[in-house]
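A single structure is presented below for examination.
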Amino acid sequence: MPPLADLWGMDNQNNIDNAEGGDATKPSGFLDRTLKNLKTAWRGIAGSAYDADKASSRPDLPEGDLEQLRDQMRACLETRGGEVSARGRAAALGHVYLALDTSGRERFLRLLAHDFDVDEDSVDAAMAELRKATNKESRHNAQVVLKKALVAPRINLLTQFNALPDGVKFLVDMRSEILALKSNEPAMQGLEHDLRDILKSWFDVDFLELRRITWDNASAALLEKLIAYEAVHAIDGWDDLKNRLDSDRRCFAYFHPRMPDEPLIFVEVALVNGLADSIQVLLDENVPVLDPHTADTAIFYSISNAQKGLAGISFGNFLIKRVAESLSSEFKGLKTFATLSPMPGFMKWLTRTLAAEDSDLLSNGEAKALSAVARDGDTPRQTLKLLLENRSWPEDPTVSEALRIPLLRLCADYLVNEKGRNMRALDPVAHFHLTNGARMEKLHWRGDLSSRGVKNAAGMMINYLYDLSRVEANHETYTSTGEVAASPDVRALLKG
Amino acid sequence: MPPLADLWGMDNQNNIDNAEGGDATKPSGFLDRTLKNLKTAWRGIAGSAYDADKASSRPDLPEGDLEQLRDQMRACLETRGGEVSARGRAAALGHVYLALDTSGRERFLRLLAHDFDVDEDSVDAAMAELRKATNKESRHNAQVVLKKALVAPRINLLTQFNALPDGVKFLVDMRSEILALKSNEPAMQGLEHDLRDILKSWFDVDFLELRRITWDNASAALLEKLIAYEAVHAIDGWDDLKNRLDSDRRCFAYFHPRMPDEPLIFVEVALVNGLADSIQVLLDENVPVLDPHTADTAIFYSISNAQKGLAGISFGNFLIKRVAESLSSEFKGLKTFATLSPMPGFMKWLTRTLAAEDSDLLSNGEAKALSAVARDGDTPRQTLKLLLENRSWPEDPTVSEALRIPLLRLCADYLVNEKGRNMRALDPVAHFHLTNGARMEKLHWRGDLSSRGVKNAAGMMINYLYDLSRVEANHETYTSTGEVAASPDVRALLKG
Amino acid sequence: MPPLADLWGMDNQNNIDNAEGGDATKPSGFLDRTLKNLKTAWRGIAGSAYDADKASSRPDLPEGDLEQLRDQMRACLETRGGEVSARGRAAALGHVYLALDTSGRERFLRLLAHDFDVDEDSVDAAMAELRKATNKESRHNAQVVLKKALVAPRINLLTQFNALPDGVKFLVDMRSEILALKSNEPAMQGLEHDLRDILKSWFDVDFLELRRITWDNASAALLEKLIAYEAVHAIDGWDDLKNRLDSDRRCFAYFHPRMPDEPLIFVEVALVNGLADSIQVLLDENVPVLDPHTADTAIFYSISNAQKGLAGISFGNFLIKRVAESLSSEFKGLKTFATLSPMPGFMKWLTRTLAAEDSDLLSNGEAKALSAVARDGDTPRQTLKLLLENRSWPEDPTVSEALRIPLLRLCADYLVNEKGRNMRALDPVAHFHLTNGARMEKLHWRGDLSSRGVKNAAGMMINYLYDLSRVEANHETYTSTGEVAASPDVRALLKG
Amino acid sequence: MPPLADLWGMDNQNNIDNAEGGDATKPSGFLDRTLKNLKTAWRGIAGSAYDADKASSRPDLPEGDLEQLRDQMRACLETRGGEVSARGRAAALGHVYLALDTSGRERFLRLLAHDFDVDEDSVDAAMAELRKATNKESRHNAQVVLKKALVAPRINLLTQFNALPDGVKFLVDMRSEILALKSNEPAMQGLEHDLRDILKSWFDVDFLELRRITWDNASAALLEKLIAYEAVHAIDGWDDLKNRLDSDRRCFAYFHPRMPDEPLIFVEVALVNGLADSIQVLLDENVPVLDPHTADTAIFYSISNAQKGLAGISFGNFLIKRVAESLSSEFKGLKTFATLSPMPGFMKWLTRTLAAEDSDLLSNGEAKALSAVARDGDTPRQTLKLLLENRSWPEDPTVSEALRIPLLRLCADYLVNEKGRNMRALDPVAHFHLTNGARMEKLHWRGDLSSRGVKNAAGMMINYLYDLSRVEANHETYTSTGEVAASPDVRALLKG
């Protein structure tokens, strides 16, 4: 699964500063505090090796400070003074990092990446040894040595940062910052991969706790994060949030035991009757509440990754299925589990397609539908292009009606037939749900009339159906052949 | 740190069966239940691939079952049916393992070790690629590929076992069972190393919880485990245990969040005045209780590893220092932190030494002391050997007095000067505390008159002093030069 | 202590409906649900005595239903079918009550009050017996009988309502509704007193839990209640609330173990330097945050009773002192504990006083100060009256300055010298703090320029100082002689 | 319900000393500690009124100390220095009490009883007022005054003791000590009743928590108390206890939130097939464990009150029914809920009956059965008497068989037909279960062959059946008419 954060355009601002006390929201006085913290952190570095006079303690980490940092990092790796001391020193280094500014942090990371990278000579020597090994045992031993040589020393230091009070969150955020640098340097990528390896082990899905989040059990601090992290349908304040946690709504998230107030990924569910067809109706606070015990359908209408630093370490598949299990044991009446999902790539694809010269794009019927609102002389393709350029077209019923048939068909084609690399569905959300074994169930015209919905998918949405008795087979088919599971309803929309 | 379990002769019986409900203690009916569990487990293996007719479900895992097992393991590694299904299947495989008998388990482990080992061809290919790589980036990429090739596929399956309700304990116990096999096969050692790598990451010391264990807060089930796991001075029933948790005693243990009722390592502490000199006095239930707020010394008189499967993953150093911190913040009067420790290797060394022909072994003064109880014609060395052969010598005051001077000196020499490989102290307990930065403080004649104490160390014990202001320096000196920190008191005992 | 709710004009809407799921805020569908609940509740009444055909199940509790109710209440009191059954039946009666409308509830209460009141004949008989008793023992026995006769049977039924899931909250709210009826009937007052007696025992202060409420630890549901219950300085949404829980702010509340999410009384504290003199400054979200470890003063700026049904059962005294203890052990720098309090009765008193013909009211100096802004011909008293009638006077600096001296003096006189019954200070907030042993410390001109502050106290506020070394003596003096503790600063303001 | 403690001969040693740290079990040093505590407690009494020079601080509370105590008690009642101070002072008084010896405590209690008793004059005045009252309102007001006059002032002080850390337990134990004094003084009885009234309110059954106690969840300190408090079938060490908590056994207890580690009452249950007929078989550790999911019957084989100070405040009825509910929801196969109970009064009654001259006592058949083992010339009655005098009769199969028929019949008659006052069953255990609505189901010959069982009930036991569909009706019949519910099986044993 690709990171949902990227899929659904998540752009939350959760970084290390937020994690360290939420001061980022209070600009006044923040820099002062950073400076004070930085000095304290430098002082906190254990051992007499630290030279207070030499340290400038500037947040951009000037050369002299970098030098001392390097020495302290080495002390950590050599467990100078013993393991207990080394952990203490690593925590102090972590505090220095937290108190640095952007360029200081980058220099800190670059130091870690380059100065504590894999030693090429050891690798070469170990390879030579392995090539010489003749019997099973000597080969095995040589492999052990080679494997060890391929591990960068910095990985031990990264682990030692766990001594920080919020050590796990620290590493998650550090990775998020490295990813944001989008560096091409192999050493930086190596550092990022090392972090990913550590986090992958620590965030094994069976260490995570699935919790339901309610208005009654969640702290304001946690709820505030939902508002900030929601990546699909923005939460418009506390009343909107309360409505999404209300009696016929559910919100579930995965948590790590060492980050108890930080959701890793969360999903919002509506308990309804029948497949939901409009996100605006679903989120309307004035719609009467349903007794959830009378609902027959659970609609997963939003799923957001909350930690950029966990990109590539996915729990979405588990989350949806565990939540479905939990709901179906609580509400015996639930028969259907489905999403109401966006198609973030449709319009981008359509624009590209319309630009290409493909005379076959529209059928006669579609052309005819468009002709009702066409400018004289325009081809159907030109008409379509023109109409879509004006983003307010949904407000004009005639235009909207004219667009309905061609767009639904084009969208179905896009979803079912358009492929990226490795036979993957081109649409990233489609690829995610298909990989989970879901089926494309129903396309909805005017399903999301928000400006984002119109911009990305011409206002359409889709239900992916999670039929637990079929997800395994669907998954196997899709991953091995690329064939897409789609309902007759969706297939009926495809070009003849 | 070498595993304390081995150091102090721990031989507890905690294995997977215990972990799975304590039924091991109830022989009647146990096998039946195992068979029932085994069938249930086989049935639980997901997917239609499992052939109920073919499976014999015998606890020794006959060939046909092995075949099916191999196929299911492959399905796990290929995440057939998706990740959620794979985890479920892995849990079912774990249940099969739990229901097997000793030879069935060995076959299961051997399958894991051999059939899912590193692929030699991929390693060779990746090495060839790396050798060809010329620039930094291509080298980096080739290293990534090589590193991956060196990872045995089984490591993914091992991780998936975490889906078991007690998945972490499952892996710890699996490793303990592999270690018990003492196999020389590289593949089995590879499997054991893979487990160690996983456990090392999951048992990072900063994930562990340090808890004080008291009569009031610990369940009988947990306390029962202390009785079973105590490896140094056996706990003689519930009254002895209660005495060790009493007002002037403390017991602390590390726990993993996913094994909340399983101590990983625990230490017992007595709050006293002055350095304790006798373990029998310390454990005497009739000695009046001290108001701990008047104590000036904390004596760590027993430290036991409780999980054989965590051998080589050490927390003892952290445990002692964290407990010392915790105690010193609770009791402001504590000035001294020290152990009362055995010297498990002394008598073995002395016997070897006495057997060798070394005329210089005893000084004149020592020879004279021994002469008082010597048989006519025996050399001092012969006298010493003879006296020690009768294990009841401590009951004879004259003999005991005659032995005092020579044995204290010999013991001091053994501790301070005898070295194993890499300049390590020969005595394993000494090596552990010296590595932690402790100092040999005081030797006690007649410190442990239990039969084990007499057998292993001629009834002597020693205090290791943890002076927190010196542990770093001591650690550095010892680990870099092998030089042993010893008090003037101990040094005064050494041969001139 | 009189109920703070009345003192500070609390008028929150927390009633039983809120407690039962917060549906009161959703008018649509609410009545339906009530009707459904009512029918369910009637069905739930145990025993065959209940006649489903006869029960109309109307929310206004018509005569026939009342009849059945009476019978069920009797069954409870006779513990018909045993105690377990009686509790179950009482719970069902409680559910009926919850589903009734206002007039239904009143009839329910009236039934309880009148039909299960003290039996006058038993009282008379018991008194006769007591008068006849001659020796100590017979008198004692007769007293026991008489005391029992004076207990209304309904008190047992009230206790049995504890079987409801939120039984304690049920009784608290029931009392709140009885108080709201302001009935003069002795039987209704008796019912209210019975409830008060039960609640007084159950809400013994040492059963309560003092908890700090923070943005991180409190649920949105609880925080919402703070917003609703705040009785002194209204909380203007979630941002204002967050600001009041921020790093240099504290909020503490008492909770009952059986009402874990319902604050009973809560206090808001600001950690500042020096005595705070303006509530608007204190609540300003834009004022920079202070590091609380540098604060020397804790200002209790708001204290609100949250449960009307606990009127007359006071914890305010305990709350302030326990919070002061808690804060002073957390922040060693705190030297001063004081309130910033309103004087809710000042303007009412002043208006009355100005209306009376008392030529001595203003001193010459005060008259002179007023003359600067007087209309021609007006006496100082007339001037004062006139100026105050225009509530926007604080916006005119000249008028404000003219009023300063006379009003501060009048206010000091009002606070220190005006008495109600039993030598109590006339101002209810003053009486509360003086009873607690606090001292009037400093009056602040323009301390609360909100429209309420201007209306009630001409914009003035006052600090009451809690000097823990003097509160006992102050309390004794005030409660025994009525003498008011006031600082030299306040005394200096008094009329010569 | 009468106190089970008395019914079943409970004689546990739980008193205040135990509650205060379990030091009572360590005689050495205990008195010293008491003296030290006593001095500390006296010093802790708030306010300058306490004269350290005058206080002897002797544990028997000599006259001078008594005088000071009286003054401090008055200060509490007058809330001298305010409520917070009064609570603090009351806690200090409580600590004095805890440090007193038996005679000191008695003097303390006597002081409370006599000096703070109801004021007779106020009672007389209030009665006079009430007699004069003519209308409803004045009568009501006069009643309020009279009721208040009948409340002894000491009740406020007793409540204030709740300020002690274990205040609730303190009052429970204080009442237990008063009961142990068996005083006839009205004032002491009044004090005891005041305590009962407070505790009855605080221990309302719906405040209590029903918890299952297991080997895994209960602390050793709690389990130790079960061993100490078990009043029916003594627990013979930790192995016996573990066996009673094992997989086919259950133990449940009620707890008060402020006494979280003190069981109030607990019941032990065996999950079996069919009605259990022998307590020795039930407790045999060597009997194979049953899979509880295959059990059809839950046998309540022991129920013990754990707090003597709660005598007369009963939860036994609730406990049995709540446990039955809990078990039947966990184990769907359970069809029958019954006890296996002793008949503690049978042999006492039989001895009395045999001593009386009643020629009709034995039927012909019974006489014949006895004749087989009669001494020449003895009447059947003499034979019966003689045989029972030798307590080892159960070991002689012939004698045992001869006794079977007459004793079963006599026992059935005793249980069903013998009445105490108010038509209550003479046997106290029978009365308890009949009041709960249970039915006498089956008598078991040789059901309890322990020496106690033979002594009290000639080795017989009985099952009381809890048929939840009938308990209400049974209860009503028994409490209104005294008629006993008995199975046809039991009725068949009765004398023709």
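Each chain gets a letter, A, B, C and D, in the order it is written, and its residues are counted from 1.
Convention: contacts are C-beta pairs under 8 Å (C-beta built on N, C-alpha and C of every residue); 3 or more make two chains touch, one makes a residue touch a chain.
What you see is a predicted model, and the numbers here were worked out from it, not measured in a lab.
Participant: Which chains make contact with chain A and with chain B at once?
Facilitator: Looking at chain B and chain A together, no chain touches each of them.
Participant: Could you work out which chain's C-alpha centre is the most distant one from the centre of chain B?
Facilitator: Ranked by distance of C-alpha centres from chain B, the top chain is C.
Participant: Quick one: chain B and chain C, Cα centre-to-centre, how many Å?
Facilitator: 62
Participant: What is the distance in Å between the mean C-alpha positions of chain A and chain C?
Facilitator: Whole-Å distance between the two chain centres: 49.
Participant: Taking the mean of the C-alpha atoms as each chain's centre, how many Å separate chain C from chain D?
Facilitator: 41
Participant: Provide the full list of chain pairs in touch.
Facilitator: A-B, A-C, B-D, C-D
Participant: Residues of chain D touching chain B in their complex?
Facilitator: 26, 28-29, 215-221, 223, 238, 242, 261, 288-289
Participant: In the complex formed with chain C, which residues of chain D make contact?
Facilitator: That would be residues 47, 80-85, 87, 118, 120, 123, 127, 130-131, 136-137, 139-141, 143-144, 146-147, 150-151, 159, 162-163, 167, 186-187, 189-190, 193, 198, 201-202, 204-207, 257-258, 317-318, 321, 435-437, 471-473, 475-476 of chain D.
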